[in-house]
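Each of the next two complexes has subunit A plus one other chain: subunit B in the first, subunit C in the second.
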Partner chain A sequence: MQDLDLTPLWLTLELAAVTTVILLLLGTPLAWWLARTRSRLKTPIEAVIALPLVLPPTVLGFYLLIGLGPDGIVGGPWRAMTGGALAVTFPGLVIGSVLYSLPFVVQPLQNTFETIGNPLLEAAATLRAGPLDRFFTVVLPLARGGFITGATLGFAHTVGEFGVVLMIGGNVPGKTQVISIAIYDHVEALEYAQAHLLSAGLLAFSFVVLFLVYTLNRRWRPALGR
Partner chain B sequence: MNGLDASFRLARADFELIADLTIPARGVTALFGPSGSGKTTLLRCLAGLEPEARGHLQLDGEVWQDDTRSVFVAPHRRALGFVFQDTRLFPHLNVRANLDYGRRRAHPIDTRHIQQERFEHIVELLGLSGLLERYPAQLSGGEQQRTAIGRALLTQPRLLLMDEPLAALDAARKRDILPYLDELRRALDIPVVYVTHAIDEVSRLADHLVLIESGQVQASGDLMPLLSRLEYPLAHGEGAMTLIEARIAGHDDAYHLSDLAFAGGSLTVSRQPGEIGDRVRVAVHARDVSIALAPTSQSSILNVLPATVAEISQEDPARVTLRLRLLRPGRKGAADAGSEEDVFLLARITRKSCERLELAPGREVYAQVKSVALVG
Partner chain C sequence: MLAAGIALGAPAAAAHDGEVNVAVAANFLSTSRALARRFMADHQARVLISSGSTGKLYAQIRHGAPYDLFLAADVRRPRKLEQAGLIVRDSRFTYAVGRLVLWSRDPRQVDTDGRNLKHGRIARLAIANPKTAPYGAAARTALQRLGLWSRYRQDLVRGENVGQTFQFAVTGNVDAAFVALSQISDPHHPQGGSRWIVPERLYPRIEQQAVLLKNAAANPAAADFANFLHSAAARAIIERYGYGVPALRDRQAQRRQPTP
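Then we have the complex of A and B:
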């Protein structure tokens, strides 16, 4: 039996971690805006964000491949600036993963922000808290559950992603070969032992993460008194 | 100018607020009216929480809103305290942190000593010392509302706005918290605007009254004279009453009675717990006042006050309501031209009696007060 190469596992975790951080940074203001706005753009933007939920990953991957390619609307300027390509690279994978997992972060955050609603923010305003102050001292602590859910789903969804990375990542070991693709390769090569190890590892990892998150979420709630 | 001066227009799909309002620099002003009349909306306009409202607002000469000059001071830059009906305590903070939230932001540079002193004063005033480490969900409704009041007061506001703070409480909790509010009324020297639709809260707490109906100010002014004005709905219906502000003049321990003195005379009531000189507020219901043309000693009624009929209005086919101006001791009817300090009573009698006694404005009568209720 061949030695098991764990590089795809570390690459997957790195991709998921970077993606989750970017998703939280982008998703928080976006979800906040969606929760508060009365703009007519709200509904079309919500629909766009939800697209990855219904589209086959290959469709998204196909457009990303074109967009990120050397002559694409993102890949072209990127090449002009850095001299390198985007498709079939780690940054390209991050961009794809962020788009693909966006609804899994934005929707729980938006729901949480909508639940918190205006009343407590008005109370904070009458207690002299300005808009940013209100966000950091009232919204963030009360939205903790939404952040945990959003971050977990975003992370887990990125770990489990297959179609998009297959389309835009190619399958470069050590660079873009993530665990789901490595498993696929092992199965193709009839290396069932390695496929078993990686699959069982991913299964156990996913279970442990979700279990921890649900436990923490439950334990924190009584402290909020709700 | 001192006090609060405001004028607002706000159009909503189902109702329109058109209100001009002047509120004195001291004392509690009750915004009183039926549910849906726009009281809460008007209060929110004062706080800047209804950004669509157009108009102007100034407090002690400081302009908070003036749409002719595009001035709008954001709510968090207004030195006001707001007590919401639903308390709106921060669920993730304990009572101490809730109390501190506004205090820290309104007065970040106070010395630790001054902060501590003020904090302890409010905590004691509102009876919160045993609750400081608890979370809002662990408090009763009354305790939550007291915390919310303390939180607003610790910002040291120049205007305190209270939106039906007792409406969500049951009668027992209400009785618990009313003494605190009463104490507050005496301790504060800022204007307090108090929204309510409960007349018992008005009679106990308010000094001034603004009557609101369908988004418009119907009348405003000092509470006591307004209560007896026959052109407003307060003087009609079963609950109609007037208030008298009096001092305890003496106690009669033999008969277990107390004498109360006020500008329009004196009243004998059942023994009061207070000291001589204490201020009390009593309510006299229109249904408890009857009329005689001569003072009679052949009656069980102790309180008989000379008065002139000021106005008469028909209540229903059987009954009329009289507005009586009490004659002040030492002055006689015709010479009594009427002044700011006049004390009025309402009397509800049958139309038949009214005609039999030939009552008409100007007539001198004796008001027989069957019962007097202490309100605070």
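Then we have the complex of A and C:
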């Protein structure tokens, strides 16, 4: 058997970690706004966020390939700033993954925020807690279940990504060759021993992650104040 | 409901006698479509084309994919299928000889003698995956013979097949890519940009072979299509798309060759 190269594994974990951090930073205010707002924009924005759940990855992959390209709406300015290309690079993959995993983070957060009732926040307000103070001392601790779920699902979904990275990744070892692509590569080349090892590893990983999510969800449900 | 089923089922069943399922290496996709159109003009048969890298299609065939004909981009996979007893006896032949080209959509990126490549001035270069795509293997050999492999390999973008590799270059996501001459010679999609036709001494001859698979033994339309590939009309189309065609003499000699 040829050596099993574990670079794709580390790269995948790095991509998933970076993506999850960005998703939490973007997703928290977005989910908070969606949970509170009565704006007419709420429903269309919810629909847009859920799009990656129903669209084939090829649609996202195709638009990303164009959009991240040197003439694209994102790739153009990026090239002007950095001089480099964006698709077929690690930053390009991060952008793709953030879009693709967005609903997996925003939806659990939004659900959690919606269960935190106004009375609690009003009580905090009467104790002179400012909006930020209320968010950090009341909302965050109560919503930790939602954060754990959102972060784990966002992370796991990024690890499980295939279609989008196949289209915009370019299979560069150490840069864009994530584990799902490495498995595909091994299968195509009939290197089944390596494909088996990586696939079994990913299977075990995904099971553990989902098991943890379900366990934690059960434990933290009372914290939501229902 | 039942009536609809019968109505839909009948023509499909009728069409089945004259249906040829062809697995085509990505570089030959548009050429094979042109060939299929020409063939269907005077045959009562439908040609259904699936394309991918030669390695992928080979793996699918090994696992029983129901193709009649396999148009590979190399000799190695058809020969392995022959050795495995998965093809119709003596059905292996060369249908085209491929040419490797370095292409960029930017008119200044690639010069006619490949100097920009040799001086390492191409920042982002794509080749097809050498493990599964023969044009990728040829590109790797060319880079190795030029002494440039170590310079480019780190950042080499690798397309899943030569079709995706070309598409990375068409969208400008890489500066240049090693692709098949046929891809930029498609009469329906003429490509501008800049090109360097890689000298043939830099890579092993890309002899593209076809085999009739065991499935096709009971399918006369498949044999008809394979025979059609030898015709003057088919050879003209293949040449128009930028391939060499084997000399007629060669082909007969090759068909007589005993199985290794």
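Keep this in mind: the second predicted complex is superposed on the first by the 211 of 226 C-alpha atoms of A that agree within 3 Å, B and C clash if a C-alpha of one lies under 4 Å from a C-alpha of the other, contacts with A are read in each partner's own complex, and residues count from 1 in each chain.
Quick note on the criterion: contacts are C-beta pairs under 8 Å (C-beta built on N, C-alpha and C of every residue); 3 or more make two chains touch, one makes a residue touch a chain.
Since the model is a prediction, treat every value here as computed from it, not as a measurement.
Contact with subunit C, but none with subunit B, is seen for A:66 once the two complexes are overlaid on the shared chain.
By the touch criterion defined above, A:188 lies against subunit C but remains apart from subunit B after alignment on the C-alpha atoms of chain A. Contacts of A:133 after superposition on the shared chain: subunit B is touched, whereas subunit C is not. In the overlay built on the shared chain, the residue A:170 is in contact with subunit C alone; subunit B does not reach it.
With both structures placed on the common chain, the touch criterion links A:87 to subunit C but leaves subunit B unconnected.
With the contact threshold set out at the top, not one residue of subunit A is in contact with subunit B in one structure and with subunit C in the other.
Interface residues of subunit C, counted against subunit A in their complex, comprise 53, 55-56, 59, 62, 123-124, 126, 129, 131-132, 155-160, 167-168, 171-174.
Listed in rising order, the residues of subunit A touching subunit B in the complex are 119-120, 122-130, 133, 137-138, 141-142, 223-226. If you check the complex, the residues on subunit B that touch subunit A are 47, 49, 74-78, 80-82, 84, 86, 88-92, 101-102, 105-106, 135-138, 151-152, 155.
Taken together, the subunit A residues at the contact with subunit C in this complex read 65-66, 68-71, 75, 84-85, 87-88, 166, 168, 170-172, 175, 185, 187-190.
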